[in-house]
Amino acid sequence: MTVLSIENLAVTFSTDTGDVPAVRDVSLRVRPGETLALVGESGSGKSTVALAATGLLAQNARVSGRISVDGTEVVGADESALARLRGRTVSMVFQEPATALDPLSRVGAQIAEVVRNHRRVSRAEAARAAVELLRRVGVAEPERRASAFPFQLSGGQRQRVVIAMAIANSPGLLIADEPTTALDVTVQAEILDLLRASAADSGTGVLLVTHNMGVVADFADRVAVMLEGEVVETGPVEEVLLRPGHEYTRHLLAAVPRLTVAEPERAKYAEKPERAGSAKEPAGSAPVVELRDVSVRFGRGHRTVKALTDVSLTVRAGETVGLVGESASGKSTAARVALGLVRPDSGSVTLFGSDLARTRGRPRRSLLSGVGVVLQDPVASLDARMSVAECVAEPLRVHQRGMSAPQRRARVAEALELVRLSDGLAKRGPRELSGGQRQRVSLARALVLQPRLLVADEPTSALDVSVQRTVLEVIAELQGELGFACLFVSHDLAVVQEFAQRVVVLRAGAVEEEGPTMTTLLRPETEYTRRLIAAVPVPDPVLQRRRRSALAAEATT
Amino acid sequence: METTLYLARRLLQALAVILIVTVVVFCLLHALPGGPARGILGPQATAQQIAAFNHEQGLDRPLPVQYVYYLRTLLHGDLGTSYTLNDAVSRLIEQRLPKTLVLTVLSALAGLAPAIPLGMWQAVRRNKPADHVVTALGFVAYSTPVYFLGLLLILVFTQTLRWFPSQAPQGDTLSQVFADPVALVLPVLTGAASMVAVFSRYMRAATLENLAEDYVRTARAGGSRPAAILWKHVFRNSLTPVIAMLGYYVPVLFGGALVVEQLFNYPGMGLLFWSAAQSSDYPVLLGCVLVISVATVIGTLLADVVQRIVDPRVKAERT
Amino acid sequence: MTAVLRASSALEPVAGYRLPLRRFAHNRPAVAGLAVVVLFLLFCFVGPLIHPTDQTHTDLTQVNLAPGGARLLGTDAVGHDEFGRLMYGGKVSLLVGLASGVLATVVGTVWGAVAGYAGGWLDAVMMRIVDAGIAIPALFILLVVSAITTPDTLGLIVVLGLVSWLVPSRLVRAETLTLKSRDYVLTLRAIGGTHGRAIGRHILPNSVSTIVVAATFQVADAILLVAYVSYLGLGVQPPSTDWGGMLSAGLTAAYSGRWWLIVPPGLAIILVVCAFNAIGDGLRDAFDVRGRG
């Protein structure tokens, strides 16, 4: 008995520049009540499989093979047959809750629409059903929320609405395509719980598409690993995650940053360890950058948003400080304040011993020449009109105008070598590079002036794990070599744990707690940090199951 | 609350814009040959008369002071006196403006009514022959000078087919205008033609953009039929940017009305303006510019408010 | 979908400028538009050398001749050869249209870039001025100007340029606003790069495609506007003329059936304006910029 059976699926996209094969010879099965995780890196074809299963692929896709959903053949079915299937037999939850809903329709109406697509009920009955569904997916005050527009809801609430639409007609198969990727970890944990509960209620089979091994460990019964359009390994979750058979799976799992967590049963009784012993404290060295009681407000009048409130943080020479927090916690704003891009409304910023607010003109520029910057978006970080060499040479042109062209070329080549990029890339345009290569070019640009401080704002969060691993290694290695200090902004606690000596946790624009990384993340002092850490799923299904039941037990007591 | 604030903000912006328009008109007044005195007293005034007038009206004072005087007379509804028609400019405009508004609104409706479904239809059948044909026709309609198009319509429908008169309805009151609806057909059609072209294009682009949105995929995944998605979701979402464009299009509509009124001898503000230009009747010219600009600002404001009603999302600033 | 994204970026090793060119070359209406523009430029600027006609003196023995024989398009009410006059008038129409369209784009670009980059109150004031300019319909301003003075060709270009820079200024401002918050500009500013460098090396080069597209549409609109100018009594003075002047001069003749006095200039205007619009469309799609629908 299967709710989804895929046999020898192949998908090819025809584009202006030729045919692009996306999926080759994929065969999968999902049984009722079972969750199959389809994992892989970007471009592996996992989302294409998910869309093919509902017949939602773009028009330029050519599909061959067989896909049967609860006994109905999907490949080659016409749109009206598919419409009868969708929302009733098979439903989908998508990655981006911000755009998944019609911005101009009330959410209750959008849920009611799915109900009325498949059931002969009156408008009023459908509206009541929508409210009931909102209640089931854990939306507070469902009567009131039903008449809200999507923009009035948070990302997590929107994703709940999408799930309500998906389970409206109790489908046999639920396909979730990266359902929590756009969400904060605490919200992710709630949404995963909700999906698990909704599926368990009705014995729904789930096809979960994700790149996150922690989510897989938390949720899946079985796993299929995809690489370049093919399934390379399938098996029970414990098998695949703990004893991977395929070379690629091993490589992938080795690249995943792992959060070292205290064993759940012991965490409660843990004592505060000695602070000094846990990490080297470079307290003696001078601060490279220091924010003191910084407050930042955006907007005016009653729409004012307090981005930062009395934030103080210090980065000392040679150390890496991890700045962590959920979205809207103010971590990027804090980094921008440190860079002088955002002027604080109150408080002071001291960079290399000078007050940034009081330094202007030439002295300010020479001060800033000691700073390197890497930002999140690999596409927007490099001007597409410049060659790689020009991008990397830009800081030299700003600060060392007297430098001759051959000297500059030599320095650029040197910087590219540092980040392990071949000199052959120098003449190419950023468009011709992969995401990881682009971030390394950004890094080369940041390091070409041999800065004393590197500010990295989520430098790897847009990258696949294996690429992230390489970029992080390069940064760590260079830091050892060149000795710059680093302010490392990230939402990923595991990355910060691996990478930073000290960590500052931000919450709603204020410092929640700070301390040496291992101490703070293993034995957090505040309830918020504890919850934050507890919400991160670890890529070990056995440990994760234990953490989850400990968490559930705690919730009931 | 948000809406009230938004409206207040937009209203303030509109007032600022109107103030700037008065500055422009004030500058034009002073750019007239002989200055405002010549403009107001007329071409026959002597040098002494002008000097006396200048002193009396404070026109020998510094320009900023004069501007304040000018604003004060405007606030009293005084736009000066026409020296060819011997009547207060404000009264002349009062008579003509409603007729121009009627013509403009009718043209806008006659243009939008076919343009919106046409644009959606094109989007649905994009890159098929029918889409290409409509696009090409739209290009031609957009590229035809209004007066040339009006002339062709007159030649075909009046001279050859004799279906409609070549002259718009005459008369001072609106009821006289509405008494002869057949005579309104050609002027309205002439004014609407380029509008069909422009707005079917916008609607096509907006619909295409929305058809590619994620929410369409969500609706399909929920089992909604394509036609239902088109009318329930895509239509409304595509209409919002088109309404915003309507705001930008108001000045073009008034410009079109100027030509149409002249061509069909329709006794509105455009025709008044036209004849004032022929006789260098400056008070009428500048009065009309001021009133038509204020009307444009109000029209744009209305389009914004309508857009705001259709789309509840907060738009802090227009760009 | 990620597969498609990756595939398209993997298949994009064509350097920055070549890809748009190829896309443009595959856009048939755009290529046709380009051909029409080139043909008309040849017709108007080279044509008179091959088919010389007297367009300065009237010839009252040859008035209102119907097309035929040596007179391909007949003659007008004062005996000018209509075919030659189409070349003669086209020179003015194309020249004034191109020049004022470009002028409007330049003024609009500077204004919009300054407002967008400066931000704050300066931006607010500059944009309200643009709003005010847009609120006064261009045809009304032109008619007021025509009542005050009759400009020469250069004056005409300036007047037309000054009534039509507003829309491009809005486009460029929007583009500048987006570009100035791009990560590469922020990075430059964070390491102490100057505003001059941000504008000169990043913002302007990256808005070039938007500006070129805007300029193309602007020229189309300007040629159309030139056609109105004679109708409004602001056009170049006889014996010189332009297509709009020929059209409005022929209006009354049209009622008495002398179609050859209005159809050729009318068609010429429509063709050229369509052509520029098609080129603009093609450029916009090729550069993949947002602009006029």
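Letters A, B and C mark the chains in the order given here, with residues in each chain numbered from 1 onward.
By definition in this document, a contact is a pair of C-beta atoms (placed from the backbone, for glycine too) under 8 Å apart; a residue touches a chain by one contact, two chains touch by 3 or more.
Note that this is a predicted model, so its numbers are computed, not measured.
Dropping chain A from the picture leaves the other chains, by touching, in one piece. Of all chain pairs, the one joined by the greatest number of contacting C-beta pairs is B-C. Centres computed as Cα averages put chain B at a distance of 22 Å from chain C.
Centroid to centroid, with C-alpha atoms defining each point, chain A and chain B lie 49 Å apart.
Among all residues of chain C, none touch two or more other chains. Those residues of chain B that touch chain C in the shared complex are 13, 16-18, 20-21, 24, 28, 31-33, 136, 139-140, 142-145, 147-148, 151-152, 155, 159, 198, 201-202, 204-206, 245, 248, 251-252, 254-255, 258-259, 273-274, 276-278, 280, 282, 285-286, 288-289, 292-294, 296-297, 300, 319.
Only residues 5, 213-215, 217-226, 228, 232-233, 236-237, 240, 310-314, 316 of chain B touch chain A when the two sit together in their complex.
Contact residues on chain C toward chain A in their complex (touch as defined above): 1-9, 11-13, 15-16, 182-184, 186-194, 197, 201-202, 205-206.
Partner chain B is touched in their complex by these residues of chain A: 54, 56, 79-80, 83-88, 91-92, 94, 96, 99-105, 110, 113-114, 117-118, 149, 151, 162, 165-166, 168, 302-303. Those residues of chain A lying in contact with chain C across their complex are 13, 15, 17-18, 20, 22-23, 42-45, 47-48, 51, 58, 229, 336, 339-341, 364-369, 371-373, 375-377, 380-385, 391, 394-395, 397-399, 429, 431-432, 442, 445-446, 449, 455.
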